[in-house]
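Structures for review follow.
There are two complexes below, and they share subunit A, which is joined by subunit B in the first and by subunit C in the second.
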Partner chain A sequence: MITVNGNGRDHVPDETVSGLLKRLNYIFPLVIVKINGTVVPRDSFPSVNVPDGATVEVIHLTSGG
Partner chain B sequence: MVDGQIPIEEYETGNTVHEIDVATLRGEHRVLATHSFEKGEIVRGYNRRTLHVDLSKGTIEERPVTDDMIAKFTGGRGFGLKILWDSISPGTRWDSEDNVLAITNGPMCGNTQYPGSGKSICLTVSPSTDIVCDSNVGGFFGPFLKFAGFDAMAIQGKANEDVVVVIDGIASEVRIETAPLEETNTHVLSEQLAHIYAAEDTEKSRQRVSSITSGLGAEHSYWGCLNSSFYDPRRKVARVKQAGRGGLGTVLRDKRVKGVVAVVPKFTGVENNPADPVTMAKVGTKLHKEIRDLDRHQCNMRAVGTGHLVEIMDAYDLLPCENYRFGSFPKASKLYSPKFYDLFTKVIPDGCWHGCTMACSKTVDGFELRTGPYAGHRVTVDGPEYETVGCGSNMGLWEPEWVLEFNFYCDTYGLDTISTGTAIAFYMEMYEYGILNRERCDDLELCFGNARAVMEFMHRMARGDDGEFMSVAPKGIRRVKDWIKAKGWGDERLVEDCGMESKGLEYSEYVTKESLAMQGGYGLTLKGPQHDEAWLIFMDMVNNAIPTFPDKAEALHYFPMWRTWFGLNGFCKLPWNDVEPANNADTDEPSKVPGHVQNYVDLVNAMTGSELEKDDLIIQSERCYNWQRAMNVWMGRGRRADDWIPYRSMGPVTEMEYVSREERYDTALVEKAGMSKDEVAGMTVPEKMEALYQFRQDQYQKLADAVYFRRGWTHNGVPTPQKMISLGFGDEADMLRMLQDRIDADTAAGLNDWGGNYDESEDPPSDDPLYWEKW
Partner chain C sequence: MQNSEITARLKEASVGIAGAGGLGSNVAMTLARAGVGRLVIVDMDLVEKGNLDRQCFFLDQVGMPKVEALKENIERAVEGVVVDAREVMLDEGSMDEPFRDVDIIVEALDLAETKVRLIEEVLIKLPKTPIVAASGVGGIGGSERVSLRVSGTLYLIEDPHGIPCEEGILTGPKVGLMAHWQANTVMEILLGGSCE
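Let's turn to the complex of A and B:
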């Protein structure tokens, strides 16, 4: 299991940050991702894996609106 | 050159050409009043004078802007509020002789070095809400009003015939002229005015003319908008941006003003005369580079404008579909931004003011109209922006071409797309339930998706159709709810819950059912449900970053204050957070975009020569925000009851809505409302709906409690004299006395108590019945 924004989610082995965002349908481009409190640079989303047990924050910034 | 871009020198719109006989049009003008003024100098962003035109008396005056006025009201919207307070009475209504239409700019307005520095803020007593409504707009009018010599203008009284008010910065003269022959609809009128008032018959001269106009729709509805023009020499059309909300165009036409025109002799880009031009340029260059390098990887505003949000809102279940019943829809992809990108004309830059590299003002040129008085004409459509596309999904119009047709006619008829679209969507839902029908709608078949009926409704409105439905429907959802109830049609609670208005103003285009903070962002507002005070859906619903009532209240304090600040200064909000610096993720509060906040601090200091810090900007806004709320109280509103919102914005009104997201709502009953899974499993859908209804209504009241407390207001939402004094209004004795009287009356009526039902495990914001006296 992992936690995303406080909600429990299944862990998928070898899933990258990009894969997680896709699974959750988080298509908004202005997001900041932290894994266990550490920021993942945006250009590393396709290469960084989400480990089992991770606490993930996907911070959507406000736009539009 | 971007993909598909057309070189400017080769560009032709293909639009239908309007013959403009300047000599004949002008020959019929009579000058009713003239006022000559001394050419002034803008110093550090201010002219230090405002213009006051009284159409009933035929007078034109200049009034000084004092140091005290700047210290307390800053500029822009703040000046507008001060002008209204000095000019109207608590009983003034939209069509009263003494109502004022104020158009303001702000110290940063007209700057060309930082993107998004050309906004004006317009204010009046709204026909929809009976209180002051403010609405911001791009285009050239605000900057040109300032360059011609004024920090704000007020139009009071009513003319006996159609007039234009001309602020002629070349002759240093303000005139009221009759204008009997000009068109009323904007796309023709704004072009006529550009030709009539240009110093020479050249494209360059026409660029130095900007007008505020409305249209025939504004004359027959409460949805009139103001169009602010910016002449586009590449397209050879006067393009327009809208101050849409609250019926400002309705007030303009009620005063018999066809147009307000500002003409400037030249335009150099440095008219504002800043204290520190080097810093201005440096900060501007920083943002230009960010936009150039990052926008295409972030929001893509330069290519598709705010329309990029359509697919995002659909993905997050936030796009209003069929009167906000649903947040996504199988056909929504037909309105995604790539569909409009294909139609947009790729001639860039497309900013609504010079120097805006964000350039989000897109057009479709040579668009052939299908309906109405201009059927067969080819025209330039300004937009559509996200909100207008959201009106399309709300009405079930899934063809981009119908959204463009709706967009064009709203603009030229002077109609706010948001109020028009949201109201029609409500009428459509009532039609679906049989509460309205063809007979009750004056033979209009107003069902979801019927684009031709939508257009017919708009054309009839512009013609002033006096059928029973056509007389009430253009006044908006609130009046139609009352009409339906008076007729005894349908279930009253259903009608109240479905119609998306609060304070009498229609909602803008976001579904808020799963975000309590955003429900407050719409309801706990000054003018009504417009997202320009706070947009908290992601922060609340997706990020789960403001879980408690105090957290939400803090967000509903900070963001409205921050966004208010743009309107005090003449800034556009979009460059603040529709592009983010590359290092934003590493900052302590990325949602506030601290790097850009610092830009604004540096800019305002460089312009005005002050030494403000970021918290000082919030204080400037707090003064204005509390003043406006106090004016609402003065006009008999601005209380908890006025911050009511319809249940459709809190949760599912119909069984169909509940069942379509049953798992989500069942989970909410367990995880949020504290029911057991077994209990929920044993309930019928109507029982579950009622339980959710009661729970969410109570949550909203608790949110209001927390927000009023955070803002320093009474339990009933009234700013206190203590709060006003702490903000620097100690000398405003009339205001302070009025507030104390209203608070005493509320106490006597038992209204100064918390609105939420608190059980033993919960605490209200304070146990002290006079907690506000600490302010």
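Let's turn to the complex of A and C:
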């Protein structure tokens, strides 16, 4: 299991950050992602795996300012 | 905390503001009035007539660089605030550069992608500097949906159902609500907690 924004989700072996975002229908590149409190740079989304037990924060931004 | 201590702490503080539009111009003005000593404001746009429904500018400033007009307005409103107005583009890879010596950064940009780039760069390159951002600025009403989300040094004022500006409208009351919520959060961080 992993936790995404406080909600329990299945852990998928070898799933990358990009894969997780796709599975949860988040729109890249409009999100900040933290795994266990550490920011994952956008460039690394396709290469960084989400480990089992991870606490993931996906922070979505919308335009306007 | 005594009023005199609050005044002294704010006077010593410096706040960087990325963007001088609906969020940034209002954040800057209210923090200046509150007594923050130094503001570093970065924007490269000119004041347009269509901005005046929600941004802290005047009719006779249309066509001026926003940072220059905002500095002028702040200096008309209050004494003793140092306004470091920078008419430059925030370039990817060095977006943190103007803000390396400030106590807190306010994300007051327009496009979601630019917001994400700035926040990400600040979190990685300036890990000790709090950044106060806003999302869901568009639309009317929905005040009860707005909340503060804290994740490490990121403080996000968000309306999860706020309409992206590409799809909806930006109005002074909603934009001002988000801007003042950002400014209030800046005050709380600078003073080390809420004052009741």
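Keep this in mind: the second predicted complex is superposed on the first by the 62 of 65 C-alpha atoms of A that agree within 3 Å, B and C clash if a C-alpha of one lies under 4 Å from a C-alpha of the other, contacts with A are read in each partner's own complex, and residues count from 1 in each chain.
Methods note: a contact is a pair of C-beta atoms (placed from the backbone, for glycine too) under 8 Å apart; a residue touches a chain by one contact, two chains touch by 3 or more.
Just so it is clear, the model here is predicted, and its values are computed rather than measured.
In the superposition on chain A, no contact is made by A:R9 with either subunit B or subunit C. With both structures placed on the common chain, the touch criterion links A:G37 to subunit C but leaves subunit B unconnected. Once the two complexes are laid over each other on the shared chain, residue contacts for A:E57 go to subunit B and to subunit C alike.
Subunit A has more of its residues touched by B than by the other of subunit B and subunit C.
Overlaid on A, the two complexes show subunit B and subunit C touching the same residues of subunit A, namely 29-30, 32, 39, 41-42, 57, 59-65. Partner subunit A is touched in their complex by these residues of subunit B: 297-299, 306, 308-309, 311-312, 315-316, 386, 510, 531, 535-539, 542-545, 547, 577-578, 580, 584-586, 590-591, 593. The touching residues of subunit A, when paired with subunit C in their complex, are 29-32, 34, 37, 39, 41-42, 57, 59-65. The part of subunit C that touches subunit A in the complex is made up of residues 19, 21-24, 108-113, 115-116, 119-120, 123-124, 133-138, 149, 151-152, 154, 156, 162-166, 170, 175. By the touch criterion given at the top, residues 5-7, 25-30, 32, 39, 41-42, 57-65 of subunit A touch subunit B in their complex.
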